[in-house]
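Two complexes come next, and they have one chain in common, chain A, joined by chain B in the first and chain C in the second.
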Partner chain A sequence: MSDNVGIVIVSHSADVARGTADMVRQMVGDEVPLAWCGGDPGGGLGTNVESILKAIDSAWSERGVAILVDLGGAETNSEMAIEMQPAERQGRIVVCNAPIVEGAVMAATEASGGATLDQVKRTAEELSPG
Partner chain B sequence: MVDTARQKALIEAVAQAVIAHAGELTALDQAIGDGDHGINMKRGFEAVLADVDAHAAKPLPEALKAIGMALVMKVGGASGPLYGTLAMTLGKELPAEPSRDDLVRALGAAIEAVKARGKSDIGQKTMLDVLVPVRDALADGGDVAGAAAKAAEATVPMKAVRGRASFLGDRSIGHMDPGARSSALIVAAVAEALGEA
Partner chain C sequence: MSNEAAGQVLLTHAVGLHARPSVKLTKLAKTFHSSIRLAANPEGPWIDAKSIVKVMGAKLPQGSRLHFHAEGADAPEAVAALIGLVNRDFDEAPADAANG
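Presenting the complex of A and B:
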């Protein structure tokens, strides 16, 4: 179990999610628990709760998990997945309001230094306008 | 009284209505969204149909929760969590033998849950623009299916501010919202199935 906050990448496209994760691994390294998912339950473009639940399990850290999403359905499905988590995980998983690629790299960089979930989220969200 | 046979007929009627209109829902979604609403809803309701006997054998609240979970898992997109939340909240709020008052109250709670899930409200060209008038018609004892169809039609001139359609801004005006249409289809199927029994 890592001492660092975990990062989950949720895109409508498995290729985008995998590519973003590749960039995080190359730029930040292996110090951060990292998982990605993309695609609808039928294998097309979209997002689905089941694969987000698996990604959260895979990147789970006691310090928490930050989720980076691309478009609307990815956010809605991620929030649904968070609500379906056991009580002891509630409050330790957040969706970051940030661009998916830049946000994932920034969040992972912050997480790799041992930052808290709040700090990781804030760093990713510095990229968002407004 | 909702017995197993009637509950099965009700679930089948709703699922078949959605599946039969999948092409139309996708065409509506291609106009203002990402073109997957029909495909997604069809996949979700096919999963519901595959377990229809199990759903029909459960008490109504438990059946609604199980159907909601199936929709969450199988529909994908934003519609999965939205319709899943709707069904699961109805399941949480309804007694096994609901009266009309129970339905009005439970639908009100489900509407609030959908608003929270979608961070949206009435007038934003979404399924809520059908669900709210349906609740009102139910409360007044009016024609529920007629209210649903009229309400879906009323989304045509609206401008989308939520979901993918919001990227289109003014260009979303002039098309019926696909979620409003699928909601109206479901409401009409429920009203017809309950009316016939």
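Presenting the complex of A and C:
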């Protein structure tokens, strides 16, 4: 179990999600639990709650999980996935209001130093134009 | 505990303090307990060397002189380690550095 906050990347495109995860791994490293999901099973664009739930399980950390999303359904499906979590995980998963690629790198950099979930979220969101 | 340390180093990295070098510098800074500030000019503005958003946002170019100022129990070690990282060109191979 990692001592660092985990990062989940949710995009409509599997390529975008995978590429964003690659950037996090190469730029930040392996010390942050990381999972991604994107696209529909047929190879098209889309997001679904089931794959987000799996990604959260895969990146789960007792310190919490920060989710980076792209557009519309990625956010609403992520929120639905958060609501479906068991009681002991409630309050420890958040969706960051930040651009997906830049936000994921910023959030992971912050998380790698052992920051709290709130600090990780604030770092990702600090990037957005105020 | 008011242990202070300061130092400076020339940024020779090909593309300056951009994405990957910023991440490395911030991660290293976070391993120290001291508060660490960074500036391209001794008169400031000083930024928090542990803030990835501020370090990357400063967009310091090649040829900048990085000034570090640390305050805390491990301040001298922090400044020495950060100067070492910059001097080693962020431990990147030259080909990587050229790609930013």
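Here is the rule we go by: the second predicted complex is superposed on the first by the 127 of 130 C-alpha atoms of A that agree within 3 Å, B and C clash if a C-alpha of one lies under 4 Å from a C-alpha of the other, contacts with A are read in each partner's own complex, and residues count from 1 in each chain.
Following the convention adopted for this analysis, a contact is a pair of C-beta atoms (placed from the backbone, for glycine too) under 8 Å apart; a residue touches a chain by one contact, two chains touch by 3 or more.
What you see is a predicted model; the values in this text were computed from it and never measured.
Just from the overlay, do chain B and chain C fit on chain A, or is there a clash?
fit
Contact-wise, after the overlay, does A:Ala14 reach chain B, chain C, both or neither (first, second, both, neither)?
After superposition on chain A, A:Ala14 lies in contact with neither partner.
Check whether A:Met106 is in contact with chain B, with chain C, with both or with neither, and answer first, second, both or neither.
second
According to the stated criteria, A:Met27 is in contact with first (chain B), second (chain C), both, or neither; which is it?
Second partner only.
At the CA centre of chain A, how far apart in angle are the CA centres of chain B and chain C, to the nearest 10 degrees?
It works out to roughly 150 degrees.
Just chain B (first), just chain C (second), both, or neither: which does A:Glu126 touch?
Touch partner of A:Glu126: chain C, not chain B.
Under the stated touch criterion, name the partner, chain B or chain C, that contacts more residues in chain A.
B
To be precise, I mean the smallest distance between any C-alpha of chain B and any C-alpha of chain C in the superposed model; what is it in Å?
Nearest C-alpha pair, chain B versus chain C: 27 Å apart.
Where on chain A do the contacts with chain B and the contacts with chain C coincide?
The answer is that chain A has no such residue.
For the complex, which residues does chain A have touching chain B?
That would be residues 40-42, 44-50, 71-73, 76-77, 79-80 of chain A.
Using the touch rule from the top, collect the residues of chain B that touch chain A in their complex.
These residues of chain B touch chain A: 34, 36, 39-40, 43, 72-82, 84-85, 117-118, 162-164.
Quick check: in the complex, which residue numbers of chain A touch chain C?
Against chain C, the touching part of chain A is residues 27-29, 105-106, 109-110, 112-114, 123, 126-127.
Can you list the residues on chain C that touch chain A in the complex?
Those in contact with chain A are residues 19-20, 23, 26-27, 30-31, 50-53, 56.
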